[in-house]
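Here subunit A shows up in two complexes: once beside subunit B, once beside subunit C.
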Partner chain A sequence: MPAAKSYVTPLDYEKMTPEEREWAVLTGRADLDRAMKEGTPRSTTPPASPPAQPSADYAVVGKPQKDLEGYRIVTGKSTFTVDVYLPDMLYVRVLRSPLPHAKITSIDTSKAAALPGVYGIITYKDIPAQVLAGLKPVMASEPALVGDPIAAVAAVDETVAEDALNLINVQYQQLPFIVDPIAGAKSGAPLALSNLQSNVSGPDFKVVRGDVNQGFASADVTVEHTVNTQDQQHVALEPHIAVARWDNDVLTMWTSSQYTHAIARIVAATLGMPYSKVRVISAFTGGGFGDKTAVYPYHLVAALLAKKTMRPVRYELTRLDVFYEGSHHFQVVQDIKLGFKKDGTLVALQADSTARLGAYSRGSGLAGDTLSGARLEYNIPNILLNGRGVITNTSSAGARRSVGEASGMFALETLMDVAAEKLGMDPVDLRLKNINETGDPESKLPWTSNGLRDCITNGASAFNWKSRWQGWANVNKGAGPLKTGVGFMALASNKGSKSPPMTAVVEINVDGSVRVVQGAAHIGGPQRTTFAIIAAETLGANLDQLSVSEPDTAFTTDTGIVAGSRATKSVGSAVKAAAEDARAQLLGYAAAKFSKDLSRTVNPQDLAVTNGQISLQTDSSVKPITFADAVNSGFIIVDGQQVPAAATIIGRAVVPPVTQYAQQTYAAAFYEVQVNVQTGVVRVTDAMQIHDVGKVINPLQLTNQVHGGSVQGTGFALTEDYIYDTATGIPVSSNLDDYKMLMINDVPKITALFVESNDAVGPFGAKGIGEPAFMAAAAAISNAIYYAAGIRLTSLPMNPKRVLEALKA
Partner chain B sequence: MRSFKYYTATSWEDAVATLGKYKNAQIVAGGSDVLGWIKDELTGPGAPLADVLIDIRTIPNTSYINYDATAGLKLGALTTLTTVAESSDVQKNYPGLATAAVSPASPSIRNVGTIGGNIMQRPRCWYLRGANFPCYKKGGDFCFSVTGENQYHAILQGELCYIVHPSDTAPALISLNATANVMGPNGAKQIPFDQFFIGPRTNVLKETVLEHNEILTEIVVPPPAANTKSVFMKVTQRGVYDFALVSIAVAAQIVNGVWQDGRVVLGGVAPTPYRATDAEAALKGKKIDANVALQAAQDTLVKARPMSQNAYKVDIAKNIIVQAVTSLVS
Partner chain C sequence: MKTILHLRVNGQDHEVYVAVHKTLLEVLREDLNLTGTKHGCELGECGTCTVLVDGEPVLSCLALPIELQGREITTVEGLADGATPHPLQTAFAELGAAQCGYCTPGVLMASKTLLDHNPHPSRDEIKHALAGNLCRCTGYAKIYEAVELASKT
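Here is the complex of A and B:
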């Protein structure tokens, strides 16, 4: 066979917004592009990973730990941005476009300005053209979606601000608009923005491997389907909010954010200020799920109105504001086709993905992300993948707990189930037969680890798959209106990688307390607890010696975004390296103290640290000393000499990016559903997810992540749907009654199991979990619905309407 | 939320008089619906935003449950849904109503939401509840649902406007032959709930016969006749906290499995709670079984005129009629 040609069209990083570049890093695309560009990897044999110590040897890692911040949070003592009220503060409300696409022909704010209690108003006329939030206008002159900001008012309270909005007179010239991405991609479609040449944004995402036509020609069994997944909202508990205050030329902003440093950097650049003069604080963040990763118009609205009024201002978005201005999990339409040999060997994959970008996302990267799992999960010699993004007059597409992968995985893993039936194979066996355990075929980099096989086999036995799934002859075999069935999916994801920036500082103070200084958001992971565990384990400290800084750009370094399931692996790596640095210094202090006390030379390598005690390994009769004893002694050993030293230790780390491996996370999911064939209502009755997390750092919080992910994933599968009225371009399910989040009664028992594959680059071998936990649901549910009721649902959500329509078809 | 004037009423007469004074005044009971309406700025040419709210919770003795075997049940309009649902008198004598009262929304909303407010609540059509749709019901000249997103809309009796009536308690009250006591400028009057709700053809701007300055003060349910059974069922996408895709209230006297007399009322299918008289006729005098119930369901739903996206609700309605009716004899 001739050598298969294989390539991925690289992204154009020059043309990307900072937000898009952030995603490229998060989704592993940047790693792939770099590896492709650099050609053959530096070494074909991966550097040997350090052997993981067996779990029992760890004092803190792997033990269930409560969130260190839990007490503060549940007693209301933690400061979320919604808790920030400043003296003399003004409140902001924003007038938003009622039209999906228009030009403002006139705008009159004079009546609003005259209303007592109104202190400042801004419209597009007050915003310099270059001041944009990514590509989103801070105030629009050509609104391109319903909800684009038109005017912002700062007033003594929200009621006055809203009364003022009502006094603003705006005249619009309505322009043609487009909501549907498939229609929008056709030539002659109305343009979503007047400066576009085409709604199709940039060159297609394309992956070619081998020869797909030959592949299908050689296939014994071919399956294909079209999948339509919906816009989904994040609905973080804390709404998007910014509180801004100017002290002379320094701007302080409190905001509910997943990445304070990026907010500071981009706000500074946008307003033409030095980065050092913008301070951003997010002590606690009440949920983000990807939607609090970027600068949005509201950040700049708060900053500009605070400047204009010379008073602190607070802009807390309403839920509707968030739905309009936030970025969504985006609609994707996918055609996907798979070819197999009789024995189940995959030989060809073709997939085409069209992503609805909304008004202010660009490129084919998001569509590409939907295709990532299909490219990498299984060994497939012949592949042709195509993806495109289509700009539409809807809210922007963006990161949402997996970016596009959840949609892609839904398409692939439901089709694998179709194939398993056609091949007469157990769906579990079909997956096991095809797992790509080697590495990324395009970049030629090996995996850091791959625990997918164990996820599947351990899960199948824990779920009792062999007895609960009784072969393809028993599809739709239940009697009565309530049909029960089980379904399975496997999952590979590019999320959970180690990606820059990765920096951290670990301080050991005179009293022996340890402080981890880092800037990652505390957003439910719970990240600060994870970092404390990693630092404590590395140092040999007790967990109660640890505290972890709150994100505040004035005091912490850029630790990177808390998104892409990266915090444990990326920030954790930096924390571990900084703790190793601090530990080395601590041992220097301790060696000096032992040498002095014992009047003989003690070397750092003779010492061991456990449970916060430093002991002399060579002589158990010597009483161990504490961290405080060591730091207080005031001397370290340099070249065998005692040298006076400061009574504080600062360990630091700047960790380089990973270039020798491709990074993936893996999972398997087993779900049981009950389909009521009379009402079309589907209930999940049992859920099990098994994740390859590399190494379990904190089983309690890991399990929490799986619970949350499963609930959100089930909502994606069954009920959540952000629907646009195509005739008007206005979203209709834009409230929490019509936008149906699951309630606690809808949540079954969820079992979380873990596989420890010992990742080659993660701290203690760990990798991420946040997004995979969300992705490992929808396809398993759809497959279970098929097994229960004999209907294949390929559009989400799988609500009573779709179930009953399919039953009738 | 925009500003409004706020009055606390001291008596029904006071509330009626204040309503008469302000064109755009509205009553607030628990506020769980009316405040959302104002917050969402839902206004149109025929539906001005309330600029005056008249609180009727301040009127004494308006929240009560009185039951006696001859006079039946009397519910003060301000009685919360939770109180109604938890009343042992209601549970024992009108199980359908007790279930209906525990079905709306969430515990927190039922703790403030009143039975009067539940009956008088405005519909949930998402075009109506969106600020930028000046549809018929807001005094405009268009119904967005006809060519738009109508998966939750009416399958029966829609014309002009295709809302479905959202209340869970209303079908139960109609099935139990309950009556509304109403206070207006000319004093008190009684209106059977069977004649209380009006369709869009009668007046698209409102859902009941009540005039602007009339107030629902009390709900009266006659004592259950011997051998009466009642039931309420509701189909929702989520397990809880969801409006009905279809709901049903049935109350009937059944002797030896034979339907003597009774009512079948559907919610979530038509602009008013839908009294399925065809089903009632099909059941009368029959020994209840699945086939008889299916016939009743079919007789009802031959009249269905589903829209482009809601034919599935016809199936649900059919199936739930069978389920509810047969449950009375099982």
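Here is the complex of A and C:
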């Protein structure tokens, strides 16, 4: 459908009323306008590669582009998995454990099976012990959390399935359980599962650099604190769902996913089938934030019940099911200590992180992730880091927009603020003094680029930090019950890297149109638009020549996961490489065409492609040709030889992993808060994030990512809390009323600014944004609360109860 | 127990034979194949399932269609005028106010009522009208902007 008009044209500030100008700032429209008019500042830190090309050099990259799927979405025509209804389909409901830890002593499904309309039931007895969804039992015999699946019923509709659940008789033997990770790590604690020797999972994560004891001995100033961050839920608005259908020995599964190929691969391996016989489709994904990256019991429940009944089966989780079965941003308890010289030079860091794994995550990797930023953001000669995971009778820990880094950054960047006060330094200057601009000290690899210094200095000036932050003497100086303060944080993240699998195909069709074949989820980035921009720029095509495939493992290559803020950089790299391959072929066709038409030899390197036209650079009097003219020429020039060729081009790419560089993303964040010291309510009144994105591909959508990330990060900081009752093991905020997220009336002005550092390996120098935008909030808010009200809050969320407690202390 | 219902949806009359306890959300999606209306909780907590009944926003996950016979029900599929998108749809698509797009139908319907009653709403009125619609992706900033810009078209 054509646009009625374009809204994304430069603003005319002269003609705007003051109110309209304020509105433009509030909605982020002014940021976009500035980016369009002035371009994005380039990093001044010497990069691993030359500075980013100015956007003016590009036809498509760096220009605001609407989502190619936008009109499908707003007309209700985008097909999410919840919209898949198949003929003759059965519906599933799952009986879940009411106890946090128990053994099933008997289970009787006979009455349920006899209910008219019930076609299939599975319990643990139907599933071989080795058939697991990742590490989770598909159906539990020893439920290890409230909500573990016990029995699944497929019936003609959800009501009948629900009725059948009530007819299932289960006897449990209750077992001791553990919710708190610190208590769980102690010897003698109840074991979360009976086959464990200890709740502490696997060897500890450990990093030693230099000599931490000597480091602290040489320090003039030492600061430390303990930080406790909470379980957070993703609440992707589309519930988790799988629809499964068997056609003889081929399984087709529609599922709301961030990574169709992994679902296909793991479901196939679990069921002992060839990967090629499992087809997974996910045209549009209604949010994920990390929770739709893995195989869960529900995928296998749908597949197994569909096989058992030989009818299509749909299992859509209720919101409560999602809270139970989905993964969680995990609770972490961190002790962190920093040592400085008088002038602010960091000399030592010691940090210890204990992550709550829930029942079915394992190892110390998640705890390690919380320590990554502390290891890499600043130059610190002496480091000792320890981390461990503790298995508990709670929902499983997993990927959640930053995995553990948001918690780690909260611990580090609030302590940096404490240190700045003790050192009597401006917190901005303390960060600038210590930035690690070189590379990863452990792997010895240089950064692909590092724009952190410019993020901090550009942000400080845009936020007016020097006049809004008035020195440590002015902490808690406001009069009256509403106290205002500003806070700052810097951020380094290991997310947003270029990593395999990176494969893509770019086809140029007989009519000159271009199709990008890739399998990455469309989840709001907007990913397909990003890939179209990258392919169009690489080919010299117009954006409207492009279409981009939907994720379907039967037809697309394994493009990798849309998570870890990697889609633009990783999938984008594959799309760019495939487009380069297609372009080289296109020029071969075009050279053959020009050679024939002009009756002389024209070489591919004599040609240029812009706006979908191929022209002869050496002779402007020759009329340019279109992509269609070229591919229909019937010949291609390869190594100077003309060979007959079919009128279709297939460019392909399998991009190798990056081995010469270490990859990071960077940001700075400045927040202003208002603390009501009578009610304890904290409101963010002004938010600014400055991101090193390497290169701006699409300023419109980039700004949108910052808005969304900042608001989720503010929810993490202030309101969102997935709480367990430690006496019963029951989660008490497992609905969307008690699990409090920010709504439209909670949202402040958010400013999104960017720095271009020209990443050495990203497409056009770009890196990722999704997770850094989420992480660049909580510590700045906590630091602002301190500046406003004189209280240091080290537990999240910083809700009214905690604020009032701290004010009383 | 099943019954025959007469529902008027997007200007078209439908006769459906459905279980009496089915919600409007379920009947729209499962019996009328109008899957544009989405759902995030089915408990009245997220606003995703918002449709219009006689022009007023209603959470279809809580509404019983048996009580809505003869009323004018409008869903996102009825928002455009044939091939011409509603100004709200244009503004949302052009500005990226829909990211994953899952909350979007509900937000559009709540916004339509606002603009129908109040063609030039203030910011507080926009806030008020959309205070019940959860969006997990956009941070709401672009939603604000899109509603206001649609009000100017």
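In this section, the second predicted complex is superposed on the first by the 755 of 809 C-alpha atoms of A that agree within 3 Å, B and C clash if a C-alpha of one lies under 4 Å from a C-alpha of the other, contacts with A are read in each partner's own complex, and residues count from 1 in each chain.
Everything below uses one rule, namely that a contact is a pair of C-beta atoms (placed from the backbone, for glycine too) under 8 Å apart; a residue touches a chain by one contact, two chains touch by 3 or more.
Keep in mind that this is a model prediction, so the values were computed, not measured.
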item: Partner chain(s) touched by A:Val82 [first = subunit B, second = subunit C, both, neither]; value: second
item: Partner, of subunit C and subunit B, that touches more residues belonging to subunit A; value: C
item: First, second, both or neither for A:Asn199, with subunit B first and subunit C second; value: neither
item: Partner chain in contact with A:Thr568 - subunit B first, subunit C second, else both or neither; value: neither
item: Which superposed partner A:Gly70 touches (first subunit B, second subunit C, both, neither); value: second
item: First, second, both or neither for A:Leu804, with subunit B first and subunit C second; value: first
item: Subunit B versus subunit C as contact partner of A:Thr109, first or second or both or neither; value: neither
item: Contacts of A:Met743 with subunit B and subunit C, given as first, second, both or neither; value: both
item: Partner chain in contact with A:Gln331 - subunit B first, subunit C second, else both or neither; value: neither
item: First (subunit B), second (subunit C), both or neither touched by A:Thr538; value: neither
item: Subunit B/subunit C common contact set on subunit A; value: 159, 735, 737, 743, 745
item: Touch list for subunit A against partner subunit B, complex; value: 98, 146, 158-160, 162-163, 166, 320, 481, 678-681, 683, 718-719, 723, 725-728, 730, 732-735, 737-738, 740, 742-743, 745-746, 799-801, 804-805, 808
item: List of subunit C residues in touch with subunit A within their complex; value: 19, 21, 29-30, 33-43, 45-46, 48, 75-77, 79-80, 83-85, 87-96, 98-105, 108, 123, 126-128, 130-145, 148-149, 153
item: Subunit B to subunit A touching residues, read off their complex; value: 1-3, 40, 124, 126-127, 129-133, 144, 147-149, 151, 235-243, 245, 309-312, 315-316, 319-320, 323
item: Residue ranges of subunit A touching subunit C (in the complex, touch as defined); value: 1, 3-8, 23, 26-29, 66-67, 69-71, 73-80, 82-83, 85, 157, 159, 234-239, 284-287, 289, 318-319, 523-526, 700-701, 704, 706-712, 735-737, 741, 743-745, 747, 750
